[in-house]
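You will see chain A twice below: alongside chain B first, and alongside chain C after that.
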Partner chain A sequence: ERNISLANATTVELSCKLDPNFHLRNPQVTWKRGNETISHTTKAENSWSIKLVIVDSSKMGSYSCIVKGDEEIRATFYLHVPKIEAREKPIITYEKDTAVMVCKSDSTPMTWTWYMMRGNNPVIINESLWTDKYLISRLSANVTRLRILKLTKEDAGVYWCEAVFQLGESERKMELKVLSIMAPLKPFIAIVAEVIILVTTIILYEVYSKRKGK
Partner chain B sequence: GWAWAVVLHFFLVNVLVMGMLKTFGIFFVAFREEVGGSSEQVSWIGSIMSSLRFLGAPLVSIVCRGLGERPTSLLGAGLVAGGCLVSTQATSVPFLCISMGLLLGLGFSCLYQAAAVMTAKRCRARLGFSNALARSGMGLTFLMAPFTQLLLDFYGWQGTLLIFGGIMLNLVPSSLLLRPISTRHSSAKTQGCESPMAQKDPETPDGGLDGTTDRELHPHKAQELPTTERLLMSHGKDVSDPTNPSALGKLEKPTPDRSSPETATGAKRSNKPLSATKKETPQPLLDLSPLKDPVFFIFTWSFLFSHLAYFVPFFHLVARARTLGMSSMDGSYLISVAGITEMLSQLLSGWVADQNWTKKYHFHVTYLVLSGLTNLLGPLATTFPLLLAYTVAFSVSCGGFMALVLPVLVDLVGVEKLHSYLGFAAFFAGIAAIGGPPLAGWLYDYTQTYACSFLLAGACALLSPLSFCLEPWAQRWKLKRARL
Partner chain C sequence: MQAEDSNPPDGGYGWVVVVSAFMVMGLTVAVLKTFGLFFVEIQQHFDGLASTTSWITSVTIAIFHLGAPVASSLCARYTHRAVVITGGLLAFSGMALGFFGFNMVWMYVTTGFLQGLGISFSWTPAISIVSHYFSKKRALANAIASAGECAFAFTFGPFFQWLISQYGWKGALLIIGGIQLNICIGGALMRPLASSCLLEAHHSETRTPPGKSASRIDKEDKSPITHKTFNWMLLKRPEFVLYAIFGILAAMSFFVPPLFLVPFSYSLGIDESWTASLLSILAMVDFAGRLLCGWYANLHVTKTIHLLVMTITLISTSLMLLPLANNYVSLAIFTGFYGFFFGTTVAIHITVLADVVGMPEFDSALGLFMLIRSSGGFVGPPLAGLIVDMAGDYRAGFYMAGATLILSAGFLVTLDQLQQRKERESQTSTKPEKSTLSYPSLHLLKH
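Then we have the complex of A and B:
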């Protein structure tokens, strides 16, 4: 099994090679995509290959070569658009802070678009509409960054970035969580209170024993 | 009595300091993602933090001698908590380097030094066991890792640092437990800690008890007493005669029934060395005398190499397990087995050392040699059971010698000068600690196998006890120099 990631229109040659130690009398090798057989196969010494010209997303998918001997052996190639890398875990930010989300891909897409979920509808984040809230910058050809300023509780939710390639689209979802400042502050204050109680106890004890000593 | 409070504080220090250092790896990932900066830059924070812990030691020993242990410890706790809190506002890696690396590193070294010396001062008889007990705190640090991860998932790195700052603040009340020793208290305290020995003479009252226990202990430990203390003893004898009447007045618990001069001078003699210490040694704050002392070199040489030998195998144990084809679950299982075995062997070794069957450093040497041999045989371990056996053997010997580091130093130089010795020794050890992991990493890159790091660790572990062979000569040399 092989994964092949393609971004732009290219010609691809896929070949299946048989191990010469495998003595198969009359090997029958067919190339299939789904259920349809591909006819233009080229045969070499011990390998069978096909040439594919890929110009749009309709030609993407999985292609397999099947060897019919005593048993059926299959090898599959998956052709797909490049996957996007981004943060898997939810991004935790605080109110009035800035959130940064970065999407990265292996090849250069034609465009990047950011979406957010409002209610049940995806909404495109249009920078020009909210210039003081969202900042989209293209850090490099393969990397895009969304910055959300002045966070509020309503900004929490699912965001995703979509990359458009010649051969299709690819996207990645991320979750944003917005906490209020009080959230970690509560345990902190609890601990500080405990510390103060301990300190006062110890100081009182020392003062008491000093007075007793005198 | 209060000695156990000090051990508790040292235990807490170990847990929190070591926990912070070890969980830094988890923060590392969070920092890289959120604050930005390359892997190398972020790891600088961690290395500044852990190296300052050692390198700051001479500076801290000066502060400790100037201010006393308790204020230094409070200062350390304040630095650590403050550093954590300031770091929550961090926006860039250099900022974090200073706020987290510098402040926390200095704070840790303050805390550690003060706690270690205080433990040595408080519990002279059972130093081995109490040191081991406190060090077992390091074993609990493995709990901190999942806890930190949980906090990070809930509150993000800023919230986690805030809460950590609060947890570190807990070191403030525990530092308050480090009550300073005054001369009056110390005679009663040494009594408390040495009571197992003193129980042989239940009839003598308190004042006499000081004298008799001292007289019992000093011939018994005549070999072990460093020359400095013996000098003070003889000095004390000279001083006691002219100040006879004032000394009697100084006795806190006068001997009402036994007014015999014997017990009185005995009690005076126990008080005298302590007050004579105060008169005779108005040591300058920056005490460079350790650098002129051969015993110091012996100790530092061994300390340096044993530290190198200690860290490297742990770093590479999991990686080696992986290269031999074991899953990472097995690898972490090995690490936890190592941690628990080490904890147990520390306690055992501390207890054994306290029984005083032989000089403490003989044990130290034995453990080091064992660990060296284990490491040299380490590359032979290629299956999981063998690797497990290696891990157990290695952690037993490591725990053994780690527990004895402080008692051995105390035996060699005595408690009065402990600060400066420990400070400088830690400084040199810090240099080794900075160089150790990168050196091991370079070895791996060069030889493409982890076997070499184990061989290196074994070689270091065997090199370090060599210096102890020179110890008897060094003591004789010191005596000769003192007599001149």
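Then we have the complex of A and C:
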């Protein structure tokens, strides 16, 4: 099995080669996409190839070469648009803070779009509508960044970036969690209180035992 | 002549001090070691480069080393307890203020500078006071205290990850700051000894020692001066200089293996979770090594400096053999050996410093030693990185670390020879003149 990542219109040649030690008899090799057979373009000593001209997303998918001998052997090539890299763990932020989300891709997409989930509906983030809330910047050809300012609890949820390539779209989801400042503050205050109590106790005990000594 | 620490308790309340030092070392060094977990979070949040983000830890380590001599001289003036409590407050403020995370410079100042200063002011007196409280059982006490670093580091790894997943990196910093405030509890428990440097400085001005040797009078005249400034006089003593050079070379080597272990492991095809287990193995055997070495040194069967030479040789052997590993099991075994002997070395090297310079000057010697040693710590990783880049293989880094250690052992052997020669010379005269002699002479009697 092999994965091939394609972004722009291109010509691809896929070939299957048989290990010369394997078959002696006349092997039958067919190239298939799903159930549809594709005739090979070239045939060499022990290899069968097909040439594909890929212009749009309709030609993407999985292509397999099937060898019929004693058993059926299959090798699959999976053609897909570039995958997008982003943070997998949820992003944890606080109210009134700023959230930063970054999406990276191997190839340069034509456009990047950010979406958020409101209720059950995806909503495009149009930064010109909310200039003091959302900032989208294209850090480089392959990287986009969304910044959300002045966070509130309602901003929590699923966000995703979508990259549009000549050969299709690719997206990646991220989760944003917004906590209130009280969340870490409670354990913090508890620990500080514990320290103050213990230190005071130790100092008082020492003063007391010194007085007893005298 | 250990009149200054006339009756080190060698037990009793000393064990309380050991426990509090254990805690302080854990809450300082272990936090520094585990800070790497915040690296990616902070870098992504501020959209910085990996190099600029790593400067946070560089600042912390730099300030930690530069602050050590300052902490030592403050100890003498204000007692260990006060300095440790100050350190605790500084470290706490560093992390807690880091919660606000305004920008990268803010992080350098808070989690870098303040944290580094706090760690320095907590760690240095903690190490020092344990040595003050013990003489015969010093090796064991130091070893137990230093084991705190491993014990806490072992738990902090998963704990910090959990904190970050629950509260985000900012909330995690706030909570860790609060946890570091517990350093003050350790500090509160560090009762100053009756015969501390503070009292000595007063006594020397009023007392005229009857019938004591001339060197004693010289020392008393000097003692108010030595406590106020860096004790550069130490550099005139060849033993200290030799030990300091050993320290530089050892420091050059110490920071390298942990740095390259993870990438080397990945290059062998070992995946993330197994590599993480290697680090856990390292922490566990480190802990065991420290305790075992402390117990063994306490038996006073071998001279501490000989023990140190042995442990250094064993580490460098493990490091030279480590590149032979080609799968997880062999790498784990060699990492285990390395970690164990690393633990033994760390457990004993402070005790050896006390033996080299003697207790009255131990505090300032510790600070100066840390400062000098830091140069090795700064040079080591980049130099190793250069060697790895030139060789194109991480194995070269391990070879370099091993070779540097063997070189450092050479200086230790020279130091030992020098000490033995001086002992033989003074054995011919009737009175022992230097305080360092009383301890090694105990060993001579037993041989």
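Criterion: the second predicted complex is superposed on the first by the 211 of 214 C-alpha atoms of A that agree within 3 Å, B and C clash if a C-alpha of one lies under 4 Å from a C-alpha of the other, contacts with A are read in each partner's own complex, and residues count from 1 in each chain.
Note that in this section contacts are C-beta pairs under 8 Å (C-beta built on N, C-alpha and C of every residue); 3 or more make two chains touch, one makes a residue touch a chain.
Because the structure is predicted, anything quoted here is derived from the model rather than measured.
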Overlay on chain A: chain C relative to chain B, clash or fit: clash
First (chain B), second (chain C), both or neither touched by A:139: second
Partner chain(s) touched by A:122 [first = chain B, second = chain C, both, neither]: neither
Chain B versus chain C, judged by how many residues of chain A each one touches: C
Contacts of A:61 with chain B and chain C, given as first, second, both or neither: neither
Offending stretch of chain B which, after superposing on A, collides with chain C (from 201-209, 219-227 or 255-263): 219-227
Overlap of the chain B and chain C footprints on chain A, listed as residue numbers: 87, 89, 92-94, 100, 179, 183-185, 187-188, 191-192, 194-195, 198-199, 202-203, 206
Parts of chain A lying in touch with chain C, wherever the complex brings them together: 87, 89, 91-94, 97, 100, 102, 139, 145, 177, 179, 183-185, 187-189, 191-192, 194-195, 198-199, 202-203, 206
Residues on chain B engaged by chain A in the complex (per definition of touch): 33-34, 153-156, 158-160, 162-163, 165-167, 169-170, 172-173, 176-177, 179
Residues on chain C engaged by chain A in the complex (per definition of touch): 44-45, 47, 96, 99, 164-172, 174-175, 177-179, 181-182, 184-185, 188-189, 191
Complex contact set, residues of chain A against chain B: 87, 89, 92-94, 100, 179, 183-185, 187-188, 191-192, 194-195, 198-199, 201-203, 206
